[in-house]
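Here the structure comes first, spelled out in structure tokens, and everything after it is commentary.
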Amino acid sequence: MVETVLESKKNNFLWLDLVEPTEEELQDVAGRFGLHTTSLEDCLDPIHQPKFEKVQNTVFIILRAYDTRSRLQTDSIHKITRKLAIFLGNNFIITVHRSELDFVNELKDEWKNRCARDEKSESNLIILLGLVKGAVYSYSLAFEKLEEAIEGYEGKIFTNDDTPVNIKEIHEFRSKVSAIRRVLRQLYDVILKIDDYTDEFAPVYQDIRERLERYLMLTDALREASNDILNTHISLASHRTNEVIRVLTIFSVFFLPLTFIVGIYGMNFKYMPELKTTYGYPSTWLVMVLITAGIYTWFKRRGWLK
Amino acid sequence: MVETVLESKKNNFLWLDLVEPTEEELQDVAGRFGLHTTSLEDCLDPIHQPKFEKVQNTVFIILRAYDTRSRLQTDSIHKITRKLAIFLGNNFIITVHRSELDFVNELKDEWKNRCARDEKSESNLIILLGLVKGAVYSYSLAFEKLEEAIEGYEGKIFTNDDTPVNIKEIHEFRSKVSAIRRVLRQLYDVILKIDDYTDEFAPVYQDIRERLERYLMLTDALREASNDILNTHISLASHRTNEVIRVLTIFSVFFLPLTFIVGIYGMNFKYMPELKTTYGYPSTWLVMVLITAGIYTWFKRRGWLK
Amino acid sequence: MVETVLESKKNNFLWLDLVEPTEEELQDVAGRFGLHTTSLEDCLDPIHQPKFEKVQNTVFIILRAYDTRSRLQTDSIHKITRKLAIFLGNNFIITVHRSELDFVNELKDEWKNRCARDEKSESNLIILLGLVKGAVYSYSLAFEKLEEAIEGYEGKIFTNDDTPVNIKEIHEFRSKVSAIRRVLRQLYDVILKIDDYTDEFAPVYQDIRERLERYLMLTDALREASNDILNTHISLASHRTNEVIRVLTIFSVFFLPLTFIVGIYGMNFKYMPELKTTYGYPSTWLVMVLITAGIYTWFKRRGWLK
Amino acid sequence: MVETVLESKKNNFLWLDLVEPTEEELQDVAGRFGLHTTSLEDCLDPIHQPKFEKVQNTVFIILRAYDTRSRLQTDSIHKITRKLAIFLGNNFIITVHRSELDFVNELKDEWKNRCARDEKSESNLIILLGLVKGAVYSYSLAFEKLEEAIEGYEGKIFTNDDTPVNIKEIHEFRSKVSAIRRVLRQLYDVILKIDDYTDEFAPVYQDIRERLERYLMLTDALREASNDILNTHISLASHRTNEVIRVLTIFSVFFLPLTFIVGIYGMNFKYMPELKTTYGYPSTWLVMVLITAGIYTWFKRRGWLK
Amino acid sequence: MVETVLESKKNNFLWLDLVEPTEEELQDVAGRFGLHTTSLEDCLDPIHQPKFEKVQNTVFIILRAYDTRSRLQTDSIHKITRKLAIFLGNNFIITVHRSELDFVNELKDEWKNRCARDEKSESNLIILLGLVKGAVYSYSLAFEKLEEAIEGYEGKIFTNDDTPVNIKEIHEFRSKVSAIRRVLRQLYDVILKIDDYTDEFAPVYQDIRERLERYLMLTDALREASNDILNTHISLASHRTNEVIRVLTIFSVFFLPLTFIVGIYGMNFKYMPELKTTYGYPSTWLVMVLITAGIYTWFKRRGWLK
């Protein structure tokens, strides 16, 4: 579908929006504006990473915005983000995408209203910055969800209530953060290259870049936090194993000799002098008490008790 | 609240301090001094990271100073630091913050006194450096606390008294250090950009930068130290588990065969020739002593005893 | 075997393809085109890494393409990739390789057809880019296999069915990814140097470079994913050991004292007053029940049950 | 204490050495030579890191030399190194330090002797290089001790005699290496900046720089070696735990069923037919031998024996 | 020993080779050719790292070649490599080394033969490249041994036969690789600086550099491979411990309750009603079978059996 969003004959300016274009529509537009074949291929490749390319006088940009409908259900960057291709010429801007994108629609509405009010501020640069801003800010929802998740994990592990954390879940969390970091890194490379085109709008541009820098730093913090949770989990688990084994050892060491001793006098030999003596039974108890006391002292010195 | 800290008509110079300004106050000031919209938005965003921006002739800086009242009770950088926004023009400096900041108040008092004594040294650059210095030096209290904490942990783990270290606490400590490091890194980027404005005050500037470099290095050292404590803890725990299990094994290996043997002669079969012989009981003891000696030798050779 | 793929006397242009050349053939060609001795040595070295070299007016390039017949059966880069050497002069291009390479054959066919149709587009640069593209795109098959493998591992570890993952297999997987990453890194260095020669074909060149960048990022993702699987595996294993040991300890702690008690009254001493009393047996049961209840309470408080 | 080491009226040259100067002495010297206030503060700060600063025509340098009396008893860089501040002007050099430094004294003696012999070679640059060389070479003693220590650890862990290594000691060792590395890194930054002042003495300068580079590389090697020792220790400990547990399991699995069987026939039921039969006892032995053989075979197949 | 390898009066060219020179010989040569004192010191320092220095018109280079007689018996870089110092002037080249070096001798023989045949190609640059090539290629033997070793380790760990790998040996292997990597890194820095002197011999130079780059990459691969082996070893060990402990737990959990039950009826109380009943013994068996079945079901559900 090819939609003419803005057309200003006076200023000789045009914004075309192609939503899920057929190959013919694309070829047609390409012919009119002299777009390069390889750019068209990139437009049609749904998994293409963000890029910035200048072919003669046309700038070709691919952005990936967070798909607010994805709910982060996977760590595949192609499933949680959506591609927006942009061609920027001297007197035109062409946007190409496969599905409706909320932030593109909002920008289109905004500009249609402006033009209705006959404002003459149209400029391909400010529209480009509007699109880039929309794409970057789209990730705010993803980070809200990720921060909520990490706080949940931290609550579980750092408070004293022993709800177990789900190791697999945290690993998946970290995978998602890594995937988002990778796409933001590429987006950042693209945005750094846009700098040359933004002189009069420099503060707007810097605002977008700073936001992205904040997100990149946030991914670092989230990765560190998830690593911390996993490491703490392992530390605590090994600490708990240690404690469990200590209890096992203490009980075994106390009872193994005692059980052996009572076993001796459970034997049925005809000639066992001890069995006949009056003090055999109490002496055996005495020996067992002494052994227990000895082991107790030994453990105490090693600091294994309490 | 808009306060005029300094006003010098002769030198055509002005320092405005806005504490928790209403949006109208901010808009009003923005109008008088031609401040950019995006800068105003950043002023109102309480979680904005440190930044440096030049719009036309006005420099816009955001600093984050350590909030001495926070007591490092969280690793959220927004809760342990406070934002200070600065606009620096040719003949004015405007400071914007949401709450009273000790170091800003001190600087204001200092300058009011100077002007009372009619000194003519006012300059937006030296005021800027005073603010930056105040922000950077504010972290000294944080580092005092962090160093005290790490020394406590090191004392516990590296001395022989076995007070257990709290793994979770050290992980939280490391989170805080990471958070502070991140904000100091950004502050450092800002301070590097201020360099171009400090020719005549270069030594003052270098003093501030060196202090920040020392803090950055200190965060490295603190992180390394906390990692060391955690790793040592894990090493010691695994070493202790090993020891505990060895004791368990030694006791079990000694007593399992003996308990089995005494069990044999505890059986009640009618026809058990050994039970009737005179030397059955002492022979059993002999066998048990021999087995024990055999196991002892075997353990000795393996080096598992002591 | 020396094959003349293209020869255009009008344009004074020549493409020679040498498949498994004898040393004489190579020397002969070297003599005609003034190729350097060290380049010839590199041509004959089957394990040479990718390189880019300019000797006087001749560019000498070595590429390594994925050998689609290797099926990734090893992590030796020499066994899963194949070398293609290219000499690029002003009016000639010479390709040297030891075995038939699919992508070279396809390019040869394409160009022969073009020339049959008398198109005059021949240019050593576009042929070079065709060869580089072929080499880079050859890795797509490798990545298909690797992504399939990693999804298999992830399925096993992150779903609840407990099919064990093969640790050794994942380590070998990671070795392969590392090996491929290394060769792609070198290929990338070569491709960056080709940039200077591609002005009019810049979009084609950028397309190849972007593909390689995507592959490099993919190797990062694959390595991270395999690390995640291995770490998750270790976490789960240590968690499982912990659980097993807890069960062992619980059972031992319950039964060790009981077995000791019943052992006491299994002793055959003549004078054991308890044995004669009417309530000896039920009292023993009572003691055992109390001990069991005590241990149960203790475990319950520690949270070791369930 | 202010000492005039060299004074040459002919060459208009002066070397002042201030050992533990009072603030007045320092202020006085500062007044004569126009030293900056922030530099004076740095002189008085005992924990200041190495630095290089140029204020107008005066170069201000802080070095930290290894304190040969510290014997590496701590990992605090302030306790194992000593500060030397240097002011370098066109016709003077001023050294400031809080305690006597051996290498400074040696250099002073050397120069006093030279001047006694009326040599005219005095130059602030060659004196500066002498001081820097002294500071850098002072670390040789530290590295001697560190290398000796690491060789001791390596001997313990890599030879077959099982003297246990002290984990805490190695962690402390690594802390010291890290601390020294950090100060050497800063010293290196300072030394790189001195390069601009050393044209005619370039070989002397390069000699110092190379020595420092060798030390930096040595810290890398020492850290790697200590990491290796710690990792090997953990590997060996986990290997030993594995072995110990295997022995425990083997013994338990052999004796648990046997002890159960002999327990059965130790029961005192009135009606137990087996007890009365003539072959009850030998049959029980047979069963026990068969069970033992079965378990033995099972273990053998699993490869747990030997 | 000072040997004049080449002397060409016509071309005013000289190659001096000093093998284990006395200090006088060295001083003498230094005097004739104006060599700097610090360079002489470096010549005499047997552990000096590779370096490149230009003093006036003389280039001073130190290389370290692999000592083929060392057989990698240590990870000390000074014991497995040998130093070669080179002075390169406009019309002379001087080589200094403490022992005979095979590649130097070969080069000397080659050049003596050439000159005998009166070839006039002598040039200090081509001789320098010959020496550098010899030094770099000398490491090929080291890598052959290292690759052989790593393949042995990989064979042991990744095949199913359970020959144990020697952890200490692999750690020592990794130390050696690290040591070699460090010296190759320094050699690489030296070789990069030689680049400026090699215009006409660029292909020869690039050949040497590529070889060194291949070796550097090989050290990366060897380190990764050894890390992989160590990590796999740890994974497998922890997996095996898990399995052993599971077997122990299964046996204990099965037999602990049974042994307790048979112990009960082994008690000698006068009044134990169960002992007198006809069905006491079979009932006990029934209870034991039921308990065993219950535990079996429980284990089955947990998936601990097989």
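We just call them A, B, C, D and E in the order they show up, numbering each chain from 1.
The working rule: a contact is a pair of C-beta atoms (placed from the backbone, for glycine too) under 8 Å apart; a residue touches a chain by one contact, two chains touch by 3 or more.
What you see is a predicted model, and the numbers here were worked out from it, not measured in a lab.
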item: Contacts common to chain B and chain E (chain labels); value: D
item: Copy-to-copy rotation for chain D and chain E - C-alpha atoms, rounded to a multiple of 5°; value: 70
item: Whole-Å gap between the CA centroids of chain B and chain C; value: 37
item: Where chain B and chain D are represented by their mean Cα positions, the distance between them in whole Å; value: 23
item: Sites on chain B at which at least two other chains make contact; value: 238, 241, 245, 248, 252, 259, 263, 266-268, 272
item: Sequence of chains encountered when the ring is traversed from chain B in the direction of chain D; value: B, D, E, C, A
item: Residues of chain C defined as touching chain E within the complex; value: 36-39, 41-42, 48-49, 51, 53, 55, 162, 167-168, 171-172, 174-175, 178-179, 182, 186, 230, 233-234, 237-238, 240-241, 244-245, 247-248, 251-252, 254-255, 258-259, 262-263, 265-268, 272, 274-278, 280-281, 284
item: Contacting residues of chain C [partner chain A, same complex]; value: 157-158, 202-204, 206-207, 210, 213-214, 217, 220-221, 224-225, 228, 231-232, 235-236, 238-239, 241-242, 245-246, 248-249, 252-253, 256-257, 259-260, 263-264, 266-272, 303-304
